[in-house]
Every structure is written in C-alpha cells, then in structure tokens.
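In what follows, subunit A forms one complex with subunit B and a second complex with subunit C.
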Partner chain A sequence: MSGDFPLPPILQTPCSSEPVLITQGAEGRLYKTTYLTPNLPCALKYRPPKPWRHPTLDARLTKHRILSEARILSRCRREGIRVPGVYASDEVGGWLMLEWVPGAPVRVRINEALGDRQSGIEEDEGLKDLMRRIGKAIGDMHAVGVVHGDLTTSNMMLSPKPLNEVDGEPEGQKGCLEGEIVIIDLGLASGSLLIEDRAVDLYVLERAFGSTHPRAECIFDQVLEAYNGTFKQAPAVLKKLEDVRMRGRKRSMIG
Partner chain B sequence: MSSEIEVVQLDHIPSRHVIHLALFQDVGNAEFLHKQLLSRNADFEYAFVDASVIVSRLHLLSAVFKAVTSASNDVLKTPNVHSEIVANLAASNNVRNHAHSVIQMTDAPQIAEAYRRYGVSTATKNLVAVKVAENGSPSTEQIAEHLAKNVEGTQVPATDEKLASTADMSKVFKYYKLNGLNWLDKIKDHSAKQKEVEMLVVGAMALRGL
Partner chain C sequence: MAKDSWIALGCEGSANKLGIGVIRHTSSNETTILSNLRHTFVSPPGTGFLPKDTAAHHRAHFPQLALRALKEAGCSIADVDVICFTQGPGMGAPLSSVAVAARTLSLLWDKPLVGVNHCVGHIEMGRTITGADNPVVLYVSGGNSQVIAYAEQRYRIFGETLDIAVGNCLDRFARTLKISNDPAPGYNIEQLAKKGNILLDLPYTVKGMDCSFSGILASADALAATMDKGGFTPEDLCFTLQETVFAMLVEITERAMAHVGSNQVLIVGGVGSNERLQQMMGEMARERGGSVFATDERFCIDNGIMIAHAGLLAYRTGYRTELKDTMCTQRFRTDEVFVKWRD
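Let's turn to the complex of A and B:
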C-alpha cells in the first residue's frame, strides 16, 4: 500500500521492494524504502509540490526546507548527536533519503506504556527513566548549538539499540521503554546558542506533551531535571523557561 | 586472465543505466591510465577512483547513485557521468560553515581538486573502476575485456573487506574533515566506528553542491 496519490518520481524507479507509506503530514510524506541495496532500509522524506502556491515560490520554499534539514542533520551528526544520517537529497525533486531509525516514535511507546492506567504513573520508573533520556537528548542537542523548532513526542524515536549496531532490524517491542532517543524531523531546526531559543524549544515540548499525554504530565519534570545536568547554560535556560511560560499564559488569557 | 566484471544493481536507478564495478590491486600502469583521462581519450570513459580514499561500497556507490541520478535528470555539473562520480566523492565544503555562507562546488578549480584527490593519479596503487553503460552500450563483455586488457593489476572482488583494507584512513579523515571529532575518537568498537565514519562521509557527500 502506498497511499492514494502517485508516488514521487524517485520512487517510481526500479526498487527491490515496494515503498511503504509511513506517514502523511500537512507538509509532506514519509516512506520506508531502501537505499542502494535491498538490505539497507531508508526513510524517504518527500515534500510534494503545493498546487495552491505560486510554482516559483513553492519550488524555492521546498528547496529551502530540504537544504536546511539536510544541513542541520549532517551538522548534528558530526557533533555526535543521535539523529538520522543523510544518504542523499534532491532539492529539486523535493526529497531527502535518511538513515532508517528502527523502533517507534516516543509518542507511541509512551501511550502503549500508559495503557488505560489512571494512577501509579508518577511512580513508574520505566517511564520516568524515558523522560530523563529525553531531557538528556535535548540538552545534548542544545549544547552543540542546535534548536529543534518542533519538539514533540512524534519527532523523537525510541530506538531499541544504538544506531550504529543496527542493520535495519529489529523494530523493538510494544510498550518497551528501553532504548536510545533519536531526535528526528529537523525541518524547522536552526543553529542557535540563545538561551531564549532553547527555552522556547522546551516550552513547545512541554505544551505538546501536555496535550498528547495529559496523564503523564505529572512526570514531565523529569525531562527538565535531566536537561538541567547536560550543559553549562542549562540552568539559565530553565530559568528563562519560567518567563516563557508566563508570556504564554498571558497570551492565552488575552487571545 | 578471465574477463569478468561485477554488475551492480542499485535501487532507484532507471533501468537503462547499468553499473559496472571492478577493483584492481597493485596497478602497474597508473600513469598510462591517468594520461588517458587527461587527454580525454574517448575509449577511457571510466570513473577511475584511487581506492585509498574509499572506505566501503556504500561510500563509493553513493557517489555513483548521485551521478546516475543527476545524469538521468540532466543536471550533471561535470562533462559526463564518470567525471561526475569522481567529483561527487568530494565532501561538501560547507559543513562547518553556517547555513547561509554556502560555497557552491560548481566552479572548475574545486572540481579539478576532486579529480586530484579522488581520481587515479600516477601514484595510484589500488584502483576502483566504474563504468556506467546506457541502454546496453557498451556491453558488459566489452567493458570487462577492455579493462582487463588496459589495466595492469590483479582484479579482485570489490568487497567491503577489500575496500577497508585498501583505504588510507588518514587521508579519508583529512579529506572529509573528521579530525578532532572527540566523540568519534572515543568509540572503542572498531566496526561501530567504521560505520560512523561511513555515515559521516556519505553525509558530507550528500551535502555537496547543495
């Protein structure tokens, strides 16, 4: 199954296996396919032309998004941050081929682990440890001067083994909270060392987390606590986060 | 001397392109081969790559993939698909710069530099030869025969093991700007480290020209 729309031209070429549509977002689609050989899975991130936009402007925007994501991914990778590597890209064709990250989005694993529980979440050491790994992953990324711009639990994968030990398999088990956090979807990321930008990054995650996992909101502090220990300016970022929250609250009262 | 050559099947490449790959060890006539390229002898339309700068098949084939994709989209930046393969091995020179000060590698001096670093030179000992045939021309037999006749060396299968053994990692680290990455130096496990290096190299190439 590849969805109801035509495949992007790059996926209409011969391939050892059928591409699989993984997600279809507002901006683009993500397929699982292979890079070069049948045993190397990859993620193809495709931004189709937007017929409602002026074609020249559309081409320019697509090109910009592809380039900026490719650059920031490579930069993170060079700094030793766990993000998917870039295999290939085509800014005119509107696609990026990325290293396949086995596992599942953190959102999925958290929801599996929560099940229909209403209590005992605050004492769930497995979940709390996952929260701390998230905080550490974000801190490490901020420490090298990158802010993500769209931190959510869908934009992080929980990968059962370190990336470099994996050759495509396995995807890990349902509800399993073990594994490594891999940050993905750096389409809105940028280079920044500003305390403010980092605080906003955390705020975006905090808000997204609260609405995606309301029952787990009580353990979100673990993210911040772990973040606090990751780099020198982290305490200042957390201090700034309080201001950002305040502004957010005021804005929602007015707006 | 048997004339055989590997035909490499790559995913997402239009089927009219057929990729041939050979590795020669202890090449005795690198100077001759280099000269054929310099004089643009049409019988020597190959990507002749110095094996010392290649870490793995994934590394080499990434350059091939990109070149063939460019050829089929008609956006080659060099005279033909073979020169494009060599040029594609070059790392992006903007990895360290910030997003907006991007130097494009489309000008001649940088392409010439890529040929010098990654292409065959008079000093080449081990040689990777790639030939992309189009619509069956030339045939696999013709390519195998022509290479066997013109490259003085021992042809061996271009496996990851062989390529790893002919790689000069100090050159690779220099050309792909991998020196001084502390986290990389700290990886103890040899194969894990090789995989990281491979990914960084491929990533640097993917950014080139963007």
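Let's turn to the complex of A and C:
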C-alpha cells in the first residue's frame, strides 16, 4: 500500500523494517514504523501538502494543527487520559510521531458486532458496556479541560489489554468488544472548560454515531448515562446538550 | 397492461428561482428531460431578494412558465401522471406561492400531488445526470451547506454549516462590494476572483465535519471597509474568500469520505457550479483514487426538473401527498425523507 504515495522525507532513510501505510485519513496518512529501536512500533502521522489549498493557507493550517495536536496530546498524558504518547514532531515537515496503539477503531468493532442484525440490539450487554466505556473516556477527557472537536467512532480505538494481562491476540479479535478506549486524532482538539464546547463535542458524536451506526442509535443513551457520572459539571453539560440539539439547523419545529 | 412510462411536472420555488420542468421515466429506467425552464428574480446590486417580492415574482410568472414547459415538452395535460412541488426547505412565502399553484394544477387537471424535499431533489438529479452510484454528496447553495451520504434508506447528514450557508456568505459579500446580482452574485464573485492573487488572512472555521461561515463574512466585510488604505483590491478579497471557504468545504468533504470509506464525490446546489470549487474537489478526489461528479448550471442551480425527478421516483413507489398534507415548511431536514426507491 505504501507504494501508492511517495513516502514523506522523514521515512525515506533506509530502515530495517519497512514503513507501512495504514490508512489515508481525511487529514493525512498514517504510517506504521519504528521509533529509536526496531522493536518499538510507532505511528507517523503525516499531513502532506494539499495541492488544492492555497500554499500560504496550507502551511498555516498544517503548522497550527501539528503543534496544537502535540500540545493537547502531551497535556492529556500529563493528566492521565489514555491517548497516544508523543515521540517527536516537525511542524514544518508536517509530521507527528506517536505511540502505536494496537487494536481497531471502535467503528469497526461496533459494525462487526452489529452484523446484519435488525433486532436485539437494545439488549446487547456487550455493546452497551462498550457505549458506557466510551462515555466514561469522553467524560474523563472533558474533566481535564480538553474538547476533541471531531468525535466519531473512527476517532476512538478499542485497544485490547497487553499480552501479559490477558491471553489473546495482540491486535484484538474480530467482534471482540473487550479492551480499553483510546481517543485518537486530536487534530481539531482544543483546551476548553466551557459547558457549551463540551456539549457541542457530545452533539458531534451523537450525530456522527446516528449516521454511522443508525441501527445502534437506540443504545447511544448509554454513552450519555456513563458520561453523567464522570465529573462534577457533567449533568450541566447534558442539560446544555438538549439546547444544542434544538439549535441544529432546520430542525423540524413540531412539538 | 402494466404501465411502462410516467411523466411528471415539477414546480420549484424555494428561493429566487422559479423552475418548472417535465420529465419522463420508463420502466427500463431511462430518464428523459422533456423541458426545463427557469425564471430568476434578480434584485438590484447591494440588495438581496426579499420573501414578499420573490413570492410576487413567482406568482406572476407561474402560469406562463407552466404552459411553456408543457408546450416545449410536447405533451398534453392528459399525458402528465403527477404534479411534484417543493415542500421545503426554503423561504416561506416563495414556497407557499408555488405550492398554491401546484395545488391549483392538481385540482384543475385532476392529478395527484407529490411533495418533494428540495435537497433530495438536488441529490437525485445529480446522481442521474452524472451516473455517480453511491457518492458522498456536498450540497452547497444559498440556503444550505451539507455533507451527505446514503445509508439504510435515508440521506444522512454527516456535516453541515452551523450558521449561514456558504452561498449566503458569498451572496452577502457581493452585496457589500455592490457586485451585480445578474446572473447570480456567486458567479460574479467567481469571475472577480480569477483576477485576484493576494491571499489575505480570514478565519478558518471547521469543527469536525461541520463548518461556520458567519465569522468569515464579518471578517471579509471588515477587510472590505479598509480596502482604500489596505493595498488590496475587490478581486483579491473575492479570491481570498473563495480560497478560504472552498478549502473548508473540501476539507469536510474529505473527512466524510474517509469516514464512510467512499472515493466518489458529487457536488450539487448553486455553489456547485463554481469551477474553482469543482477543480479543488477534483484534485482532492483524485488523490484519494476517486473522482468528482458535478453538473452544470442547468441542474446545479435550482430547477423544476429535479423536483419532477425526485417526485416521480417517490410516486413510482406508491408515495402520494394528500391535499390536506401539502402545506410547505421552511424547515425540512434531508434525513427526514424515507428513501424507498434505493436499496
């Protein structure tokens, strides 16, 4: 897959393990490579120049986003929030080198668990438990004053416990809902303690969830319920969320 | 004998364009556009179109335009199976004036009515004209800015503007600069932007898959006020505004594409006819190994044919709007429509 695009300059030096292109996300490309020693895997998040954007605007945005993501990530780590650790960064070269998070995006795991089921989703304890863990992870992040800005089920990883704790595949198993939620992709995150910003964060997730997993919408309330218990202002955020929902553009005004 | 072809008359008037079109579908899924007429209400430079005047414009031109559309289509009243009209979203007064006219035709000619969601009309027309099968749709016009993808019988909104539509931002900036509204303010901004080359600083407001334009408009207006001593021209301002807001639109579209795993983009709506936007989107889609689908002004800009088309698709699945349910609404979400005609 890495053959489709030229590698970023940082990955062009000879290396014992070839870098692998993992995904082409919206922002840029994610490579799996190693950091310092050949057995420490890491993720290289590369934001290539976007040729369709005006070069001045492009450079301004890339620099701003790399730096802000690095700052927010280290702040989260300092506060004990489970996000990838920062190994290195280069805002002019457009890359950020991060801890490798094993596992799969929550979106993939939810879809595997849903399969083509049309009923019984409301009683699925495994999925509901996953929802509660998502709510807790977001609450913990909000509690330390960070809002994500782009919460979706693609921007969370479900990372299985390390090998020595449980015996299982290091990458997690298909359909397995066990593991730890690791929030990733904080490129649009910012520091904020405002109830409003936190409510918008939840609203973005709620909307993305409804459009990505329409059949699982019925268990989304579990996320909010778990969020409610995570920090002191959480109930106020949920109250605000109702206002934010009402303001959505061109909502039907019935009732 | 089973019916093998259907004809619909579509009436659109949610904003300043009055559009009437006649379309034919056959049972082998051929779509023929028999006529597609439009009459636009153009307000003087420095002003926008007010609901009252726009509604009066639509009322004045409707009968003539409807007759011409039928004549050009070469079909008689008896050939028409259904009257389709825009039920929302849009401006209240213009919507109602066209709905009244559609109801009149329905009672006069004894034809069933089908109310159509304006956004769904744009999407279905774009899909049919371009042949894009299951694209991520960027719907950008004077009243709407949404990123949409289809899933499980609905067009789901992944991202949208949090305040004003991108077309509204451009139109209002055209008013600030007193640019002509003929043929469209956005078109004239596009022509000026081609001559601009200084990129000024404007806010860049993307929140996940959503974006916001009102702050950009305010900043652009503020820059325009300092133009005399600023050393830049109206052309530079138009260039800056376009580069900034289109970069935002391409970014949210790209994010939605990555999220749903699609590499096709379809651009619909009036702003979609902007060639700079199409070019930027094309470069982005190519890099993702996909392509962009766009239509020209006949189908991008509001028209009656798209209403006829989407209405006929619904009609053929058995959908009807009873006379008592034909009131229109300014707020009508794209995802409220149950899309029975797709798998």
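Everything below uses one rule, namely that the second predicted complex is superposed on the first by the 235 of 255 C-alpha atoms of A that agree within 3 Å, B and C clash if a C-alpha of one lies under 4 Å from a C-alpha of the other, contacts with A are read in each partner's own complex, and residues count from 1 in each chain.
Keep in mind that, in the parts below, a contact is a pair of C-beta atoms (placed from the backbone, for glycine too) under 8 Å apart; a residue touches a chain by one contact, two chains touch by 3 or more.
The shown structure was predicted, so the numbers you read here are calculated from the model rather than taken from an experiment.
In the superposition on chain A, contact of A:Met156 is made with neither subunit B nor subunit C.
Contact with subunit C, but none with subunit B, is seen for A:Lys50 once the two complexes are overlaid on the shared chain.
Once the two complexes are overlaid on the shared chain, A:Gly25 sits against subunit C while remaining clear of subunit B. In the superposition on chain A, contact is made by A:Cys15 with subunit B only, not with subunit C.
Shared-chain residue A:Ala208: touches subunit C; no touch with subunit B. Of the two partner chains placed around the shared chain by superposition, neither subunit B nor subunit C is touched by A:Leu130.
Legend: residue contacts after superposition of the two complexes on their common chain; A:Ile110 is shown touching neither subunit B nor subunit C. Within the complex, the subunit A residues that touch subunit C are 4, 23-27, 50-54, 56-57, 61, 149-152, 154, 188, 200, 204, 207-208, 210-212, 214-215, 249-253.
By the touch rule above, subunit A contacts subunit B in their complex via residues 10-11, 13-16, 33-38, 40, 67-68, 70-75, 77-80, 85-93, 99, 162, 164-165, 190-191.
Subunit C makes touch with subunit A in their complex at residues 89, 149, 151-152, 154, 156-158, 160-162, 199, 204, 206-210, 243-244, 247, 250-251, 254-260, 279-281, 283-284, 287-289, 329-333, 335-336. The residues of subunit B lying in touch with subunit A in their complex are 9-15, 58, 61-62, 65-66, 69, 73, 75, 92, 94-95, 98-99, 181-184, 192, 195-196, 199-200, 202-204, 206-207, 210.
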